[in-house]
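For clarity, chains are labelled A, B, C and D in written order, and residue numbers in each chain start from 1.
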Amino acid sequence: VANFASDNNSGVCPEVMAALAQEAGRFGPAYGDDEPSARLTATLAELFEHDVQVLPVATGTAANSLCLAATNPVWGGVVCHALAHIQVDECAAPTVIGGGLTLHPVEADHGRLTPEAVEGFLGSRRDSGVHTVPITGLSLTQVTEAGTRYSADEVAALAEVAHAHDMVVHLDGARFANAVAAGTDSPAELTWRAGVDVMSLGATKGGALGAEAVVVFTDCLRDDPARLRKRVGHLLSKQRLASAQFEGWLAGGAWLRHARHANALAERLGQGLARLGVPLAHPVQANMAFALLGASQHERAVAAGMHYYVEDGGGGRVEARLVTSWSSTQADVDALLDAVGGA
Amino acid sequence: VANFASDNNSGVCPEVMAALAQEAGRFGPAYGDDEPSARLTATLAELFEHDVQVLPVATGTAANSLCLAATNPVWGGVVCHALAHIQVDECAAPTVIGGGLTLHPVEADHGRLTPEAVEGFLGSRRDSGVHTVPITGLSLTQVTEAGTRYSADEVAALAEVAHAHDMVVHLDGARFANAVAAGTDSPAELTWRAGVDVMSLGATKGGALGAEAVVVFTDCLRDDPARLRKRVGHLLSKQRLASAQFEGWLAGGAWLRHARHANALAERLGQGLARLGVPLAHPVQANMAFALLGASQHERAVAAGMHYYVEDGGGGRVEARLVTSWSSTQADVDALLDAVGGA
Amino acid sequence: VANFASDNNSGVCPEVMAALAQEAGRFGPAYGDDEPSARLTATLAELFEHDVQVLPVATGTAANSLCLAATNPVWGGVVCHALAHIQVDECAAPTVIGGGLTLHPVEADHGRLTPEAVEGFLGSRRDSGVHTVPITGLSLTQVTEAGTRYSADEVAALAEVAHAHDMVVHLDGARFANAVAAGTDSPAELTWRAGVDVMSLGATKGGALGAEAVVVFTDCLRDDPARLRKRVGHLLSKQRLASAQFEGWLAGGAWLRHARHANALAERLGQGLARLGVPLAHPVQANMAFALLGASQHERAVAAGMHYYVEDGGGGRVEARLVTSWSSTQADVDALLDAVGGA
Amino acid sequence: VANFASDNNSGVCPEVMAALAQEAGRFGPAYGDDEPSARLTATLAELFEHDVQVLPVATGTAANSLCLAATNPVWGGVVCHALAHIQVDECAAPTVIGGGLTLHPVEADHGRLTPEAVEGFLGSRRDSGVHTVPITGLSLTQVTEAGTRYSADEVAALAEVAHAHDMVVHLDGARFANAVAAGTDSPAELTWRAGVDVMSLGATKGGALGAEAVVVFTDCLRDDPARLRKRVGHLLSKQRLASAQFEGWLAGGAWLRHARHANALAERLGQGLARLGVPLAHPVQANMAFALLGASQHERAVAAGMHYYVEDGGGGRVEARLVTSWSSTQADVDALLDAVGGA
């Protein structure tokens, strides 16, 4: 039995639990006026090599929606990939929290927007003044929904297009840890140095209980994210415990260690599948593999207790989304490969 | 040094930490399709002696807003006490999450609405058809913002008025534990048996990290709370860890034990203040005391490291809101009394 | 038979019909890019002796809501009189169009806010940072819902309080014509010179078919009213015909002529009622009289075919709201007085 | 000089002006409780051979948005053509007025959705429970943005798909008159008999000053359109004058006479363009022709004072949208053809 359904099916990593346990034993001010939150801001400023404004929240949808709401007009539009979590999996929360803000999906291969795709979309829209929603933002995702990554240069090229059109650049970093761990670009290089204005930094998938943060890099705010956060009920009374989760996760590089572990297992998965002749829908670049399993391969895997999400893979195949996490094991991976391989 | 600022300045109680630690080590389905959440619903059904629908969230503001949004039309109005948390402290979140729902504050002594006050308000409103917001809900709070309680009979009398006007009855139970612990009415008697349709059940102030729940008792829903919750980003991916917090808190009556402890300390505070001749703004009925301190009493308390919120108490006095929690100690209380008393 | 229910029960005055008929026979650009709209802006700039931005809409609720939405943050609050149309008669439209903006009613005699009442309200509110809705606007009404007026000095005193608290000042001028016609203050003196930042200028009650306008005087905009107008469906395709209504109404002072006529009839009504010993709930200062009729007086008036709205006037009396308009006649007034007097 | 920019650039037809003039001279109840509004409901019931609920408003965007808001959940999604007015030209008003409702554009030839296109879209969406916006509505447009029509059978085939998926069917009938006039299907056959649940019936483009209506045919309402209309400021105080416009427009078949006139001129345009060898982007089926003009043809037309909107037609051509109206003349059409033809 092994769980590849999602990294959010994992539990809480020991480093986060230890930090929680430590802070849990203390009194502390509510609603963010606390030491762990102040330290978190300082830690992230150091990590990103840039001044930041940080607002912890409990969910990635909240972080994404608040990032967009604080940086786009209510009558604006945000371009994102057609598979983006904000477009597909958040039940219009960015629109609701953004006061009517709309999302504008664009197709591109392997979950990754390209400057050409964004330019093409922008060029195809008629500007009819107040009749038309103006495109005011671009939202990218690291790691993408297809398990792929953007290099710092790729982010920069996209941000350049966005800024040339007066669009703010948001990064949905629910799996930012995996993106950093998988490449050689630093957190700064993957974000503000490449033109990212505001990001959602996710720790939940990486081992936290429920800790995400709005991280503001630039002078991109149109509205006060602290006010916006409160009025949708996302200011945590014991925020210091969310900040403490981040602290435990970040301290000593635990976040990257866990992400590297998950990435390595996905790589092992990808290579194992390749050896078995199983085609992949997307290249494995972080902690996800999309395997196009034959019907009997899928049946054997399910029978062996393997959990994962599937879509129709075409040609009689099942597209299995296989996600590894900090708590996945090599044994899990090998068990999956064995089941698929019919061992 | 002692902290009476709010029970949400407390940490996490050992029972909750233990339950968290146990669930944290496992994989489990995300987004509520998990065993701890299923068990929580069963546990609350047993506790309340009634079928319930339960939706855990991370904040009380979310729980309150979702309760109201799911049971009132977007063009409805909700009557609440002028001091109610939803009216005073949630930056209009019930309006935002309720899609334009408005709140209608009513004054009454000691934070407690009365049937007369509610009837008086309803009678004073002109009904002009579509021009007027119809009053569609009543929101009560246990324990009130003034530290007082409603008995089951008082809730029933208010709910009777509400239902006679086709209004749904919501209970903000951020401190429901303290209300139950302080009296002899059962959870069922204080809620659906008295006419409460939907409640926000809070564990955070009582010892959880961040665990509140929408609890639906009756056939009062106008919209699907699960959809509403998701679209404002309040569906937790690791919801099982919020449910686990509730389980640890409820198991073996820890919630009532902690609440009784806090209530007893507030009682001790109230009696001590009375002995010192300090008048109280409201009767002490749960875990809060509102002391009208003289200037030098306040100064001595502050100098002794006592933390609490103040408002102008009139007549040269300071109204000090003193809140006790599961983690307050008798020593804290005695230190405060000593400081006020000039010992 | 005579209609005193409301000035919006009147038809369309000949000057407006003539202007409509003239513009109706032409082609012209849609959505505001037309000559009548450009001329209207110039006409209002001259009338108000100040540069203005003008956005015609079809309803007063739209004008009020857009004024507030464009000048207050979505998390802001607007103080208004407890009887204000925006508070009582618009079914929360300012909240809906304002994205969650809340209204904060204040009581004061005869429908008229005072600096003391506003200061008192502001002083009574605790500022709890993001938890509290900050008061960001003040909305006044000319003529008030009680049929009274503010002098330019009174507006200025209120605006001074507002601006001292960084609040924007809005004027609901649904009956601005009656206010101007009843006094000696100029349109400029009653608005921007007294500190009004933005107003809703109403022509509908004064004789138009349906023509109201957002009029912006100062650098008070937080958001683009043109974008906000479009996204709630209030940009008229044939806007030039709304502008033409305004032109016909304003040209040659028709608006003031009609308002003076209505005011004079209300004055006649008030004096006649006084002669009959009928007490008035509010002083008659424009085109409304609030008569506290005895039961038999009311019965006789109704029997004589007099239409008006009533509320309970206390002490066995009926409070009859009697509104005169451009199309009311002296015969209407005398018929009412005869009926009440039992002639 | 001739104006083909849009039929909303036309003025007000004599029949509407006459009806307005008649009603303008009377007093009448405000806010819809009036005789013309009651008569309008009866007239439309007769016209559509079905009981109807009718809510007049001033703009097509308001009518469309209210139709969708009243029949879809706030967390729902509405499928429409990628060129639909609600998608392209209303600055997200359906989303704003619909409380977060989202639109889901689908491509299909000549502005006309097909059952296959809708089924294909629906089949391509993953249903992830609360994470996914469920598709709850289908919006069609008569006449489409490409100037084409749906036959009653085509509407029925689309509605069948929609209803099979529990979707409500909305018709944007801004140019419904032109669609009826151009074919042999009756109003009933084109609407409820074919499965349309609710429609926006537009008179503005057809000769009114500003009169559109929400027309509800079936038991499709999820919320009260009258409440929804008021809270976005779209209840007209002098609604009887909007109803009167409809009455003048409908009486004696004026609406169809005007529509037939406009359609015939578009047909003449299309045939003339064909004779000149100008290709058309879409078939001419109502009152619009989309001419792919060569650069010099376009220059000559502009030089001759012809007004129309253009887009890039590809291959060096200009796509000219040519719209005829009740007030267009044969001389206008011939002048355009002469200019294009270089006569």
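Convention: a contact is a pair of C-beta atoms (placed from the backbone, for glycine too) under 8 Å apart; a residue touches a chain by one contact, two chains touch by 3 or more.
It should be emphasised that the depicted structure is a prediction, and the values quoted were computed from it without experimental measurement.
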{"item": "Label of the chain whose CA centroid is most distant from the centroid of chain A", "value": "C"}
{"item": "Approximate Å spacing (C-alpha centroids) for the pair chain A, chain C", "value": "51"}
{"item": "Approximate Å spacing (C-alpha centroids) for the pair chain A, chain B", "value": "34"}
{"item": "Whole-Å gap separating chain B and chain C, where each centre is the average of the chain's CA atoms", "value": "42"}
{"item": "Contacts with 2+ other chains: residues of chain C", "value": "75, 90-92, 96, 100, 130-131, 227, 230-231, 235"}
{"item": "Chain-level touch network, classified as line, ring, star, complete or other", "value": "complete"}
{"item": "Interfacial residue positions of chain A with respect to chain D in the complex", "value": "75, 77, 88-92, 95-96, 100, 102, 126, 128, 130-133, 311"}
{"item": "In the complex with chain B, residue positions of chain D that touch it", "value": "31, 73-75, 99-100, 130-131, 223-224, 226-231, 235"}
{"item": "Partner chain D, residues of chain C touching it in the complex", "value": "3, 5-6, 8-12, 17, 20-21, 23-30, 57-62, 64-65, 90-93, 96-97, 204-205, 209-210, 227, 230-238, 241-242, 327"}
